[in-house]
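Each chain carries a letter (A, B and C) given by its place in the written order, and its residues are counted from 1.
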Amino acid sequence: MEILQIAVITLVKILIVVTLMLLTVSYLVYFERKISAWAQNRVGPNRVGPAGLLQPFADVFKLLLKEDIVPFAATKSIHTLAPMLALFVAFTTYAVIPIGPSVEIFGYKVDLVVADVNMGILYILALTSVGVYAITFSGWSSGSKYSLLGGVRSSAQMISYEISMGFSIAGVLLFAESLRPVAIVNAQSGLMWNAFVQPIGFITFVVAAFAETNRLPFDLPEAEPELVGGYHTEYSSMKFAGFFLAEYANMIIASAMIITLYLGGWQVPYIEKLGLPDYAVVLIQVTAFFVKMGVLLFFIIWVRWSLPRFRYDQLMDLGWKVMFPLSLLNLIWVAILIMIMN
Amino acid sequence: MNLYDIIFYLFAIITIVSATFVVFTKNIVYAAYNLLLTLFGIAGLYVLLGADFIGIVQLIIYVGGILILILFGVMLTNKITDVPIKSGVLQVIPASIGVGMLAGILILIVTNISWRNMELTVPESTIGSLGMLLMNEYILIFELLGMLLLIALIGAANIARK
Amino acid sequence: MLVEYIPLFLVIAFAIVFAFGTVFSSKIFGPQRPNPEKLSTYESGVQPVGTTHERMSVKYYLVAMLFIIFDLEVIFVYPWAVQFKKLYLDPSVGTTAFYAMLIFLVVFEIGYLYVYKKGGFKWD
């Protein structure tokens, strides 16, 4: 295919996915507030638009019109770069996640993934490690104690859980025999979902994903009672919005990754046996992907409003003394399983 | 100039410019930030050369680990707000002589080798052949690597628990 | 090969533009009325006390060091994991592929236990 053609198709895909993500983030915030209200027996946002449905837009416009405050004590350039880095990471990782099989549109074969690269999974891991810098830099550059403590804590937390995340992914690779996300999804046909084959790996990965996205019970970097806002204490206006957007975008990416690696991606078990036309199958599969994502996102929000926060030593203990050995055991278990099956 | 060249020069410029900043900036955290960009640029160059696994590993290990270690080091020692940690200019003459000699040797080598121009053939999956090699020819080296990591772990534990 | 990565470069370029745009949009739309009180460091409403950059626990440094070593281990597992099934079905390698990795992991885990016993994972 010609390079220009690829570029145009890619740009269209990027625009569609980014728009979808921004919309999802807006309504994810809305649903988070509604669900939290429901969990705490409150009403939640209900003033802007019918049932408060326009609330996310009101929030965005409010943030847009606020003053961008950079404190005296801050190191200005790095203070500005940190939220950019957070956004950069959040809006590059989606590229390798497939939301459906390849389809034919107007005679072109189009993959329902922005970039189908060989190193897909490692690409996400690498970007996750870049994401640590957004938090470290914002913590350091704000010139506030809360920010610094939040930043350093958070980076130590994120790198600790990257280890068990890495080992859990290795278990998935044993079955998929490739780092290509599409191949990983294809390896989970029928009921061979990795969540069923390697439940331990599934659990360690989900826990690590919670820790990487800094969601409760792992939200120590911004533990409100002790650290105020954590690393984004000194951020306002769109810089704050950047962190906020990145956090929710990361939730979406994390659930998409869990689906791709462990819940069969877009696959619906035994759908090919129903004898449906091709386009219907693709449609059902893409819908299945988004349904799975909705369920996972609800789960993440549900956990946040149900569980208390870890203490820092408990968090580190869990990461190094429980999650790491478990993910290692999972790896050996999967290797033995493959030897038995062959 | 095709697209390949454009992307190559883009990454090369990012690498060189940020590396220059790393050397000349006085603020250590700025240096760390620019080192991040340098490593990014180098990873991009690796990917362009068809070594995608190395490129990504470069990011994971250097950006994800070593640079974080450097930053933690800066944060751990930086205890006075009024005096920001700065790197000074030390031993200019010996340093420039050393660097000059190194540069001379490098230039000599680069100009004296008759480089071969080859078509870039990239295997479908670089990581696959790497796995094959690790488990066949280099299996002993692979186990030795395990030992090396063990030694590093013991060293790290001892440094921190003194 | 390179063609495969072109979309990725585009995504990265787009993300950079997007990040710049988002962060600088408040410079355009928001007001700019700074005053000393507003620009002072937030410390729960009281005057900031002491210095910001207090000395941090050396534990963070140890975590970062351990992370690099463990991360290297993970990286060496990946090429093996991707190739394992093929290696196992290859009669000249067979179960050697499994035992080789097992030895590698066990050797490394001795180090893990050592750090554990030394209290390297104890957070106090």
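The rule we apply is simple: contacts are C-beta pairs under 8 Å (C-beta built on N, C-alpha and C of every residue); 3 or more make two chains touch, one makes a residue touch a chain.
Keep in mind it's a predicted model, so treat the numbers as computed, not measured.
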Nearest-to-centre chain - CA centroid comparison:
C
More contacts between chains, A-C or B-C:
A-C
Which whole number of Å gives the spacing of the CA centres of subunit A and subunit B?
28
From the C-alpha centre of subunit A to that of subunit C, how far is it in Å?
15
Touching two or more other chains, which residues of subunit A qualify?
3, 73, 117-118, 122-123, 143, 148, 152, 155, 159, 162, 178-179
Residue ranges of subunit B touching at least 2 other chains are 3, 52-53, 57, 60, 64-65, 68, 72, 75, 81, 125, 127
Multi-chain contacts in subunit C: which residues touch at least two other chains?
5-6, 52-54, 56, 59-60, 64, 66-67, 71, 78, 81-84, 86, 105, 112
Contact set on subunit C toward subunit B in their complex
1-2, 5-6, 9, 51-56, 58-62, 64-69, 71-73, 75-76, 78-84, 86-87, 93, 96-97, 100, 103-105, 107-108, 110-112, 114-115, 118-120
Under the definition above, what is the set of subunit B residues touching subunit C in their complex?
3-4, 7, 47-48, 50, 52-53, 57, 60-61, 64-66, 68-69, 72-73, 75-82, 120, 122, 125, 127-128, 130-132, 134-136, 139, 142-143, 145-147, 149-154, 156-161
Interface residues, subunit A side, partner subunit C - complex
1, 3, 6-7, 10-11, 13-14, 18, 63-73, 80, 83-85, 87-88, 91-92, 95-96, 114-118, 122-123, 142-146, 148, 152, 155-156, 159-160, 162-163, 166-167, 170-171, 173-174, 177-179, 228, 233-234, 237-239, 241-242, 245, 312-313, 316-317, 320-321, 324, 328, 331-332, 335-336, 338-339, 342
Subunit C residues touching subunit A in their complex are 3-8, 10-12, 14-16, 18-20, 22-27, 29-34, 36, 38-44, 48, 52-54, 56, 59-60, 63-64, 66-67, 70-71, 74, 77-78, 81-86, 88-89, 95, 98, 101-102, 105, 109, 112, 116, 121, 123-124
Of all residues in subunit A, those that touch subunit B in their complex:
3, 73, 75, 77-78, 81, 117-119, 122-123, 125-130, 132-133, 136-137, 140-141, 143, 148, 152, 155, 159, 162, 178-179
